[in-house]
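Below, chain A partners chain B and then partners chain C, in two separate complexes.
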Partner chain A sequence: MPQDIASIDPDWAWSPFVPSTEQPWNRRLAAHLCRRAGFGASSQELDALVKRSPSELAHSFVENAKAASQRDPETDALASAMLATGNSRNLAAWWLYRMLNSPWAGDQASTTNPLLEKLTLFWHGHFATGAEKVDDAEMMFTQNRLLRRHALGDFGAMTQEISRDPAMLIYLDSTTNRKAHPNENYAREIMELFCLGEGNYTERDIQELARCFTGWEVRRKKFRFNRYQHDTGAKTILGETGTFTGEEGVEIVLKQKALPRFIARKLVRFFIFDEPTAPEQLVEPLAKLLRRSELQIGPVIERILASNIFYSPFAVGRKVRSPVELGIGLLRCLHGSSNLDQVAQHLDDIGQAVFYPPNVKGWDGGRTWINTSTLLGRSNLVGELLRNEATRFGGQTLETLAKKNGVSSPGKLIEWLDELLLAVPLDDSARKELLAFAEQTTGNPSRRIAELIQTLSTVPQFHLA
Partner chain B sequence: MYRRLMAMALLCGLIITAIGHTNAFAQPDLDAGERSAVELLPASCLAVAQMPHPDRLLTTLTEHNVWKKIQEQPQYTEAISNPGYMMFLGIRTHIETQIGMKWREAYDTILGGGITIAFEPETEGIVALVRATDAAKLQSTAKTLIELGRADARSKGNEPLPEDEYREITIYGKKDGRFAIVGPWLVMSNKDDLGKKVLDTLIDGSRASINDNEKFAAAHKSINGEPTIWSWVDLATIRDSGFAKGLDKNQTENPIAELLVGGVLTNLRQTPYVTASFYVSGEATRLEFAAPHDNEWVEEFREYWFGPDSAGSADPALETESTILSISTYRKVSEMWLRAGDLFDERMNDELAKADANLTTFFAGKDFGEDVLGSFGPAMQVLVNRQSFDDVLPKPALKLPSFALAGHLENAAESQTELRRTFQSMVGFLNVIGAMQGNPQLDQDIDIYKDNKIYTASFVPEPDEKESERARIQFNFSPSLAFAENRFFIASTKQMAKELVDAAQNEQTTRGETSNTAIKLNAEALGEILSDNRDQLVAQNMIKKGQTREESAAEIGLLLEVLSLFEGMTFDVKTTGGELKLELAIQTKN
Partner chain C sequence: MTTRRNFLKASIGASAVVSIGGTAPQILSQAGAAESKPSDEKILVMVQLSGGNDGLNTVAPFKESAYRKARPTLAVQAADALKIENSYGFHPAAQGLSNLLENNRLAIVQGVGYANPNRSHFESMDIWHTCQRKTAVRNDGWLGRFLDNTRTDDALDIPAIHLGHEKQPLALSSQDIRVPSVKSLDRFRLNDSGKQLRKTVTNIAKSASPSGDLLGFVQTSTGSALSASEQIEAASGQYKTGITYPDSGLAQKLKTVAQLIDSGLKTRIYYVTLDGFDTHSRQAPAHEVLLRELSGALDAFVRDLDEHGHGDRVLTMSFSEFGRRLQENASEGTDHGAAAPAFLAGNRVKSGLIGKHPSLHDLQDGDVKFHTDFRQVYATVLDKWLEVESAPILGGKFSPVQALQS
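Moving on to the complex of A and B:
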């Protein structure tokens, strides 16, 4: 196994992981897969998943997610009910409900899937659009459906659609774009943040691409092309010249060589490690796969989730849990349910309000999730989730859940929680301290378990994924 | 859990123990059973509450349809299968065996003669008098329970129930709570001095009792029917002693509170006493507050609330079958607005002055208090109806009730023109705001309905929204203004305006004729609108409790089923027969 990221052999990195005596396939690794591909898994789910091979799981996760993405969530009665109130804040609770209640071993008719929700969250951060400015729940929901529909599909189609998405255009102040004064906002963001990254375009490219988007407007919450305001003159974008329309301008951006590398690097950061920046040679095989598959996302995700590097020490425990991963992850692992309005509010307090990304760059992620104020907030979130009167664990108390999982002593409790909740096992001293704490506490058994988990949340490993 | 159950059992035990220990000590020869509870209470009592027939109350409750329905619910079955409840049943059976009576018989025997509780300011004590229907059974039961309680205390290493003696009567308990049994009476008090006063009356016979208090006697004499619980409070003495300082305040900072209960405060500042009567029957539960009322007490600035000679009367509510809530009241709002300086504090007066200026502008320079509110008659109604969307498209996803304000115009010919113009301005204003926010626009129209004009405005759907069954919330509204002779109706929908025109013509006068304020909630219509929005309620429940759809649907189903057991609720304020009366009633289906 390579010693550092810079010296990783890309062939080894992206080859399928084959369990061995040195690194057997077990519940801990299955838990790692579920944390990264979704938001964690309960003990019972891990029991079922560990019976299948890592490659088989990666393939079925992607196939199930793709199937779920094509089922129209418009029929989701919960979403309709939330939309009827017209409040985007209620939509956050709806999305958290999907994240929490999507089954790993879902039936074929399921419209929810943990990987699908995880990728939708990824694209929500990528094509960041904030409800505060859009101020319309229906439009935010429509964009969310768009992201979900294309989450594992054609990146090109997703980019074309998001370019005409009313919520996106409102967010980027592009509700009117007249030929006399082309609005450069969207042209800049599509190249800098959505497709190519800095250094792969010029200011002139932005100005020319902006001319392609002239005549694109939002009227009464719908996209409209005003042909009288479209600049029909010749434009030169990224080396190509012609009387391009907006769609043709987007197509030119999508054809750039920098695009697959840009997207692949973001996916590596999201699924494998926060730091350091992935070296070029490590990203290149994924970029090639993305280009070869005509920008289909699904095959890249499958390659990542089945790879050697995904199960290596370069990945395990090398990411900081986002607030959503922390909160929803805790509930999922403990088979929990809670008041999701309040959960959404708590997630907002520690820096991740879904539907409300901080700016057009989305959430920075990584180390930025943790600072002196959010660290306390994260521990409070854990405590609040465990003690909230609406919280149930498999419809029961924590004590009953632990008993169902064969937990009969403080030692076994720590062992069970360690495997279920932590990406990196506790070291001996932390384990001893927790055991001493567990043996000292008295009173209601559920409360004692809750106190132990909250104490566990003060251990650094708890915040790693 | 076991400890809690033991504590409950012991509590029952101690009460009954107190009762039953009488034959264990020498007792004076008393005719205690001949006196009524009020004859035993000191004349200085400030508050008295009586429940003459606790046995009847329990019978009514246990035979009530609502209780039977609750027993049919799976949650009830689950609760009584709980190990804690089973343990409680075991303990109860043990006690029943010891006292030789089923719990129900013990309850009826020991409490059957009534319960009376009083507060006495001199001692700051509370005394409770419980009268048994069978003194011998009371004593034997109490004796057994005292022994059981003491044995239990000893087994746990606790101090057994202590006892003392007062004028040859055994007193049980500690300083902050003692009891004694005298004939059929169980006397309990938290203050020794008060307990002794009652025992002295029991031993010595005639003494001045609360019955000699004129205010109490007058109130007691005027008891209406047979209340399950009746209580009396000597308000004059409370006021004179400096308590209830809040009643001295003339001004408030809350106009809504002033509108609702301003007149009640006027009464409470003068009335000598207040009574509360609680009635429970198979058909209804009713709580009635009554206080003597004299028109002389009404300050000039509160005449807007009572009307001339305190005879201001609300109109009969313009109810239809779909009415969920009706509030009909007598309030001369214009007078209240103009007397704001007397009624509200400085801050609220500043706020009202700003509102007055803005509203005067909105009503095209008409003085809001004098001209606009002054054009309304004092009888006003607010009505909330369930909407039917059966034949309507687009249907909103969230189905809200319609609502309306109904009243009379003092000068109909002139006022109608002003109201119509203001309504049209308002619709124009809403259209400007709506256009800025991308909301649908209102289209104005005039409808002639049964010779009455209805000025209406309907939201215009987008072409792809015309047939929607999950349309935006705006499609709950079609703001309308209707006139019928000197009546006006400002309704949230055209349909409701028509319903009110119909109701006014039919002159439905089922209730409220003599009420100052009459509020009625119709449980059936409320249940229907909740059913209309069942999906929304289930979704909210899923989000708030994190439950599955099935669990949430079951919970909402139970809520609707419980609601279906009720007819509704009424609240009336009346000033008749020299009394101010507030009556709250909940009607059930039995």
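Moving on to the complex of A and C:
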């Protein structure tokens, strides 16, 4: 095990993790996998997962997610009900429901899968599009389906489609991209934020690429090419000259060497650690894999989830839980169900409203999730969620849930929750404090458990994933 | 007059804090808190008037015939105007502004705007927020850049707070710092029914040795969040003021700001808005209500801050994205205009009219012309009040207006 991130051997980092006596495969590590690959797992799910090997799980997670991604949720009854209101705010509950009710054990007919929803959320933050500006629930829904369909597939195909996606066209002003006045917004962001990163193109490239997208419009919520507004002249983009169309412009961007590295780096940050910035040599093998597989996302995800570094101290507890991970994760771990409209509202209060990213950069994540008001909000969210009449745990009370899991004393309860919910275990003094807290609570058992969980969720360790 | 602030100063200075009846403990604890945690940094409170406030009916040139002629139904009458100087007066509903002026607490910066005025609400507001025209990249706002330029490593306290239900103003957008938008003080309240949660977690957060990694960061953040919420709860629980705030939305927001300032929070920027100034038709009743709300709230706020000893360190600035056209329209309203006055309120302002009232005879597209760039007002606030160099924040050097006491 190397000591610091700069001296990590990339070969070691990306080799499959093989459990050993020093680092045995156990429920705690399986919980880590589920927190990162999805939104956590219940005690019973962990029991089942821990019987299989980490590399087998990484493979089957990716395969199941891929299969689910090809079963489009178009005819979803809940979605239709939400869409009928026309308000994108209501879509959030639909999506949270999918995150909450997607089984880890692959169900062959399921359209949802935790890894698939997690990746869809990743791409939503990557190709960030805000419903406030788009102002049309149906278009936001269509985009969400697009992201889900391609979540583990071909990045090039996803980028081509998102470039013509009506919600994206509206969000980045492509609809005002006329021949006489090219709008540079989309051209800039596809290079800066979606594909290459700053420093890998010039302002001139932006202007020229914007000309390729002239005439791309939205009519009746659908993409339409208006050839009268398209600039058919020659353009020079990233060193190539021709009378490029929009598709050809995107193709040129997708060919750039910087792209696999840019995407690989972002995936490392999302799945492995928030900080520090990953060294170039660590990202390179993933970038190579992406290049070799012609920008297929699935193999890279599998490599990440099976790797040594993923299960190392460089990764475990090295991310800040996002609001969605916190809210949905808590419910998942406790077999919970609740009023998801309210949950969505709470998540908005602590900084993450799905379908409403703060700007085209998406959510910054990491330390930016944490400030005075969000920390208090996180604690209050957990308290509110646990005490809410609508919240059930496996259809029952917290007391019944605890009993079912053989938890008979405050000490046992803390131990059980520690393993289930925390990436970084509590130290002895924290355990003692929590035990003292649990013992002074009064009232009915479910309420006492709820108070303990809220307190545990306010402890600094809880915010790490 | 012995204010409570003077009393406090005197007693601390003389180390003579003795128990005087039942009031002493509170004074003691406040004085103690002030000593251990000096929060004497200057604070800016922004009050945004959305929709385009009619400057010409806020500070009315009631003697000018051009004004009376252009506004047959809307002109403020000489008899009703609350006199500022000979020829200028406030709208009669703006009693609070008049009080502030009388107490030497209000600088009226006249003729504020910018070249080639844009008359779209959104575009003009964006210009005020970012100091950039549409053609430039506008990722952050002027206050966001202030936050970026002054951020410290232990940026755990909330550097700025936007109080209100509306979307967060672009002015507060920053590269690195997320400003919380707070709908009410409840957002700073910890739902801790048994009162033991805070104690337990505070002990846990304290027990670990601070480190530079993610856990260390969350530990210190947790410690500071718990103590901030405790301060705010304590402050709002026992927040007492002799000032009666009017029963209006803006007044309640500003009262909350006063509470937060008094709670010892280190926040330096507060931002609130008052919407509804887009008075295209039947302006008179609407504008009257708005001016009453604005001026009553500002007046109470400034007096409240003074009562709590914060008067010298809080400056309140009020602006709107544009003024309104001189000529009233056919619907007894006014259309989008250009230059208008901005207000600075607080103990440290140079009270009175600053700069000339824009001429009614030298119009541009029917609107009075600006003579003071809005960025000069910002430069005043940044250079002279918040004490940071304004040029990098505003994207150029702008000479401050003489609106603050030196």
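The rule is simple: the second predicted complex is superposed on the first by the 464 of 465 C-alpha atoms of A that agree within 3 Å, B and C clash if a C-alpha of one lies under 4 Å from a C-alpha of the other, contacts with A are read in each partner's own complex, and residues count from 1 in each chain.
As a working rule, a contact is a pair of C-beta atoms (placed from the backbone, for glycine too) under 8 Å apart; a residue touches a chain by one contact, two chains touch by 3 or more.
Here the structure is a predicted model, which is why all the values come from computation and not from measurement.
**Q** Chain B versus chain C on the shared chain A, clash or fit?
**A** fit
**Q** Quick check for you: in the superposed arrangement, does A:Ser429 touch first (chain B), second (chain C), both or neither?
**A** The second partner, chain C, only.
**Q** Tell me the contact category for A:Gly351 with respect to chain B and chain C: first, second, both or neither.
**A** Second partner only, chain C.
**Q** Treating the CA centre of chain A as the corner point, state the angle out to chain B and chain C, nearest 10°.
**A** Result: 70 degrees at the vertex chain A.
**Q** Touch test for A:Leu376: chain B only (first), chain C only (second), both, or neither?
**A** Second partner only, chain C.
**Q** Is A:His463 touching anything from chain B or chain C once the two structures are fitted on A? First, second, both or neither.
**A** So A:His463 only meets chain C here.
**Q** Touch test for A:Ser7: chain B only (first), chain C only (second), both, or neither?
**A** neither
**Q** Looking at the overlay, does A:Ser20 come into contact with chain B only (first), chain C only (second), both, or neither?
**A** Neither: A:Ser20 stays clear of chain B and chain C.
**Q** Determine, under the contact definition given at the top, whether A:Thr441 touches first (chain B), second (chain C), both, or neither.
**A** Only chain C is touched by A:Thr441; chain B is not.
**Q** Just checking: does A:Met82 make contact with chain B only, chain C only, both, or neither of them? Give me first, second, both or neither.
**A** So A:Met82 only meets chain B here.
**Q** Which one hits more chain A residues, chain B or chain C?
**A** Looking at chain B versus chain C, the one contacting more residues of chain A is C.
**Q** Once the two structures sit on chain A together, report how near the CA atoms of chain B get to those of chain C, whole Å.
**A** 9
**Q** Looking at chain A, which of its residues have contacts with both chain B and chain C?
**A** none
**Q** Under the touch definition given earlier, write down the residues of chain A that touch chain C in their complex.
**A** Contact set of chain A toward chain C: 132, 274-275, 317-320, 349, 351, 359, 364, 366-368, 370-377, 379-380, 383-384, 424, 427, 429-430, 433-434, 436-437, 440-441, 451, 454-455, 458-461, 463-464.
**Q** Where on chain C does chain A make contact in their complex?
**A** Against chain A, chain C makes touches at 139, 156-158, 167, 178, 180, 182, 187-191, 193-194, 196-197, 200-201, 203-205, 207-208, 214-215, 217-219, 221-222, 224-225, 228-229.
**Q** In the complex formed with chain A, which residues of chain B make contact?
**A** Touch list, chain B to chain A: 396-398, 438, 462, 470, 472-473, 535-536, 538-540, 542-549.
**Q** Enumerate the contact residues on chain A facing chain B in the complex.
**A** Residues in contact with chain B: 77-78, 80-86, 90, 93-94, 97, 100-101, 136, 220-221, 336-341, 390-392.
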